[in-house]
Amino acid sequence: MDTPLIVVNFKAYEESDGERGISLARACEQVSEETGVAIIACPTPAMLGRIAHEIASPVWSQHVDAVAPGGQTGHVTAQSVRDAGALGTIINHSERRMRLADIGFVVDACKALELVTCVCTNTVDVSRAAAAFSPDYIAIEPPELIGGDISVTTADPGIVSKTVELVEAVDPSVDVLCGAGVKNANDVSKAIELGARGVLLASGVVKSPDPKRTLTDLASAI
Amino acid sequence: MDTPLIVVNFKAYEESDGERGISLARACEQVSEETGVAIIACPTPAMLGRIAHEIASPVWSQHVDAVAPGGQTGHVTAQSVRDAGALGTIINHSERRMRLADIGFVVDACKALELVTCVCTNTVDVSRAAAAFSPDYIAIEPPELIGGDISVTTADPGIVSKTVELVEAVDPSVDVLCGAGVKNANDVSKAIELGARGVLLASGVVKSPDPKRTLTDLASAI
Amino acid sequence: MDTPLIVVNFKAYEESDGERGISLARACEQVSEETGVAIIACPTPAMLGRIAHEIASPVWSQHVDAVAPGGQTGHVTAQSVRDAGALGTIINHSERRMRLADIGFVVDACKALELVTCVCTNTVDVSRAAAAFSPDYIAIEPPELIGGDISVTTADPGIVSKTVELVEAVDPSVDVLCGAGVKNANDVSKAIELGARGVLLASGVVKSPDPKRTLTDLASAI
Amino acid sequence: MDTPLIVVNFKAYEESDGERGISLARACEQVSEETGVAIIACPTPAMLGRIAHEIASPVWSQHVDAVAPGGQTGHVTAQSVRDAGALGTIINHSERRMRLADIGFVVDACKALELVTCVCTNTVDVSRAAAAFSPDYIAIEPPELIGGDISVTTADPGIVSKTVELVEAVDPSVDVLCGAGVKNANDVSKAIELGARGVLLASGVVKSPDPKRTLTDLASAI
């Protein structure tokens, strides 16, 4: 987990559905190969298995439910995600918040299957709390930066450096990602400068008129 | 939608994960081709797109969330399921109950995309309620029959015929499936005799030592 | 259930908390006594028992959970509400949506305890669905009228009359309340003219500078 | 917060409903007065305001929702609980689990209103996570001890002492309560010996044939 990474959350945008999702994942794969930067594609739930099967670069799930395999219609188990070819998962995204005990359950279930875990958080205290489960990554998403046009570089940069500091105090093996307010190479540089190990972004890539070009630009900062 | 159908819910069983899910779906496809009976595969969320891409017989989603496309990380939209290749979806399964208004939202969203809808219910009153949304199918799952060894043929057969009668009174275009207590060809015959248009089953096929043989037996009753 | 009624939902407004909730309930009680119109107070959960104990006019709960008495910390059972002195309950309010099967469970639990049931709905189809459970009342809240300044008298009045017609077709014993867009006596008259048996309102009374006067005005239309 | 305390969770037991809830709270009040031990009553939601109004000893809510005052029908705000007379609240009980970020929201909302906060947890890691929010208390409820007949004295006592140690490492101002497996005075002594500041219990008192006597026995250990 030592090289910086760019995590692309496909969310449930129309641009991520079906064959468009394949193209998007293909862009992640190509830029990753061309630049050597780890670019992770997080497809829609329905396309996870097919994209993980068709592209060579790493794929993560957007979510895992806190359930064991069994009679769990419509739920996503850690094992189903792993067996579908994913290498990791986002957990507790701001659009898919989970119960405290369930986050612990899912992080443990993923570790047992060697899936990479990335827990999303919204405040410094919530980040400290999440660090208690020792996930691989914590992605801090300050609510005021989500989905907006404000860059983390111009808004409150202290929340990233403070999160890095306090998460490290709980468990130094946990890396921090900057999960909102990243639009361009400058934001990526700034995030890494503040102590983040990488970035988690969505619409900036998914809704770009040229995702490959956008990703190439972002990767140039690493 | 005039011929009887067999809907196979893969749930979140380990037997449905990854390549095992492909094999299971392949068994549905083959028996469907050999017998001419409509056999619907409902893969795990993670395998939906890949299975829909690889097999020729119809595939349904296990669930759709009541959200429009957009910033909905970890949620399943009707459109994502349609674009991934599914032809329909289970809604409100007993293991994934939905809010009343959300069922209305999802049935409407699916109709707009020409996805087949199958709403699961647990009582005669809930079935009447669900019929108000005019889904294609209502699958009645009497709680006492779910996951057990009791056949609908030996337990209370009245719940199926009563559901058929009352659903028809609300909307005659809605067909009823028998959603629990179906283990063998005799149960399928009995369900159809009671007025059901088909059956929805899970472990009986998914956990069978020979799913193809089990499906062939079930299909023989139609 | 033959006389029209005015249901006042205290919601979680600060104006409804603690002693202010007592004053508000007292206003309901007084106007009810003075005008002879049934005015129902629906206090905050925390004040339900005390208000039901202290005022003579009918009190309803804002919500009941779909659980039986037992180890259900932080949940509201039908029996706890009845034993605290409530005579009825709102179910499935737009701010507290419930699962389809749970609505059936709660309506049945309330009937067994002789609690009056009022299920909130947002569309004509959802109203028809709710009617299958035969609650005492269905309160239709068209989403475009909730919390706004638009009166049901000036907006789409068809939704009320259409709901009355279709609910009657499912179960003629179910009465319809107009659950949004009621601001003044004119709206109450109009709602009753459209076939509603009464109205459900909140901020118009709770946030009124003079709730007693507002209630007296509303009651004058009945 | 330096003296040990006994927190009695009334849950949603029939024995806690209506007037029986008043009697139960009265028993807490009397034993508290007679023994000088802090005994906290946590009534059903419906009886919270009335019991807080009628008894002199401290009353806590069983739950607070992560919402601000406003249009939140059927939800429990921190302010509604405070204004109803409660002095504190249980948060994230095993029967009412909350989302991680919501726990942070509720603890902060309660602190702003000077309500005592007690967050329930199920594992050592979840306890460490909860400590990041600096609640007044963390009540550890090992799942294997909840509602059973096993005493924490005979089962795994290490979970209490380990929790005390790790919570202290995160924030020494947070006290730990033993939240399961407490049946008698011996269990209370043992819990305090292991570093707990008190106990949280339910059925042992609520379902006792003589709650006052049971409480007197428990208090004798402090």
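Going in written order, the chains are labelled A, B, C and D, and every chain counts its residues from 1.
The definition used in the following text is that a contact is a pair of C-beta atoms (placed from the backbone, for glycine too) under 8 Å apart; a residue touches a chain by one contact, two chains touch by 3 or more.
Bear in mind that the values here come from a model prediction, so they are computed numbers and not experimental data.
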item: Set of chains whose contacts include both chain C and chain B; value: none
item: Farthest chain relative to chain A (centres taken as mean CA coordinates); value: C
item: Computed distance of Cα centres, chain D from chain B, in Å; value: 44
item: Where chain A and chain D are represented by their mean Cα positions, the distance between them in whole Å; value: 37
item: Separation of chain C from chain D, taking each centre as the mean of its C-alpha atoms, in whole Å; value: 33
item: Touching pairs among all chains present in the structure; value: A-B, A-D, B-C, C-D
item: Contact footprint of chain D on chain A as seen in their complex; value: 92, 97-104, 121-123, 125-126, 128-133, 170
item: Residue ranges of chain D in contact with chain C within the complex; value: 9, 11-14, 16-21, 44-51, 53, 61-63, 67, 69-77, 79-86, 90, 93-96, 147, 202-203
